[in-house]
């Protein structure tokens, strides 16, 4: 369940997420997060530590899905268009590898695999390497950000 | 870029998405969509037909990613736990196939493939079949909804 | 079951595949195919039309797996190393797309999906396009051959 | 390059793999292996340690591809058909996870990733767990064999 979609799915059932509308002090990200947790609470009644574990895993799945999408999109559009250093073998290969391990890591978590933490540990290291490689190049800020976020989230899950 | 994350990424830069806070008549889904389009406008300055095409493709990628996640998660957790009709070969196989074609369809669009429409056409039919199969079973509402939404979005892209 | 491995698994049980040794007029490929069919007959007792369908599908799975491997390997090693026309966006993207659709097409057939023929039809067209693109470049003969073979095999399955 | 196909690709160029026809003392598997190495030698002229490394990696890719195919096929056909213990969540999930990590591990090696050994280490452990789980069930011998072989091959690559 993605954050945005999760909110949407609730509203489709005639409910509203009042927290979204009650103030102007929230940045959108906070609203999303708040909305996300409220939905989890409402739908699943999970207000305990189990809820924390589930939402932490969902956050990691989201981070992996996001990193997968951005690495794949950037590699296959921006990097190929730019050429030069952007298609240097080590860099380009790392982006494609990063996209794939993020996809696999997300799939393991979605399936409830007992090996999820193992995958997250590998994923964290590859994301870190990809972030470092992207930092050297122009126009890759979005990719750096997604890789850093995914590395951090995966490291938490792997611990 | 996922909807929720998209919104978040803007707020991280100190901006706010005012549309979120200005009224209570919006259900969350509309807020998400609105927020999504505003971000596209702000970030990319795309208010023309090209913007429509890009955001329509991003919507389809989101729908595919969402459907992939829910089908895979439901099959590997809910269906396996329930047993009985939930693991009947035709049904279970369809859920796994649906998860995979959604992933592939999203990947083609992310890579800017000239064959994206072809993939979306196949994806739409498989999602439709999966939605119909899930409608027959208990507790699969989330899956029905994600498959219907993805089928609809893919059909638009395939046209 | 891959052809080579299939033959191997028989021999591991103390049997031999005599057809391999009875003449020198066979090129290896024919021997492999012959061996493949003999094993299917011996192991499964399938000498009827169902046998034909199963071994035809296994041949297509093999062709898809082979094409997936060669396209991915060539793109990520040869093409990235060569640079120039080998990393021109349309060509490189096509190779990555071809690798992925072959993987998905094989997975659908392995899972016994009712949509296998639909996937094979799309796969055939993408393999054909990839073969044509590779024909324009140096050192891509192996890729051209794998794509042509997969396109042909998928077209048979799609019919 | 798969073993069987590798042999075939040579013959398609008008060459023959004489070892196949010169005696009856070879079981097919040995013929395949011999043929496989001869091709490597002929095509690439690799008779040194680099050759060993390349052919060891190709063997591991083959083992991963084989294990991926058999786990996916057995799970989606045999296990779903049998029901009962064959679709018990922990067992079935492990088979699907095993199929996916084998696919990812093969893809990393094919792309020449610097993280191939890391992936192989995780893959070896998952294959081992899957082999152990399959050993408890009827009719899963082919899967046990493929998982054991892949675990062993991946462990060598990871070392």
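When the chains are written out, they are named A, B, C and D in that same order, and each has its own residue count from 1.
The definition used in the following text is that a contact is a pair of C-beta atoms (placed from the backbone, for glycine too) under 8 Å apart; a residue touches a chain by one contact, two chains touch by 3 or more.
Because the structure is predicted, anything quoted here is derived from the model rather than measured.
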| item | value |
| --- | --- |
| Chains touching both chain A and chain B, listed by label | C, D |
| Distance from chain D to chain B - Cα centre to Cα centre, in angstrom | 35 |
| For chain C paired with chain D, centre-to-centre distance based on mean C-alpha positions, whole Å | 15 |
| Mean-CA-position distance for chain C and chain B (Å) | 32 |
| Residues of chain C touching at least two other chains | 76-77, 89, 93, 96, 107, 111-112 |
| Chain contact graph, described as a line, ring, star, complete graph or other shape | complete |
| Residues of chain D defined as touching chain A within the complex | 89-90, 93-94, 96-97, 100-101, 104, 107-108, 111-115, 118-119, 122, 125-126, 129 |
| Complex contacts: residues of chain D adjacent to chain C | 1-12, 16-18, 20-21, 23-24, 26-33, 35-36, 61-62, 65-66, 69-70, 72-73, 76-77, 103, 106-107, 110-112, 142, 145 |
| Interfacial residue positions of chain C with respect to chain A in the complex | 76-77, 80-81, 83, 87-89, 92-93, 96 |
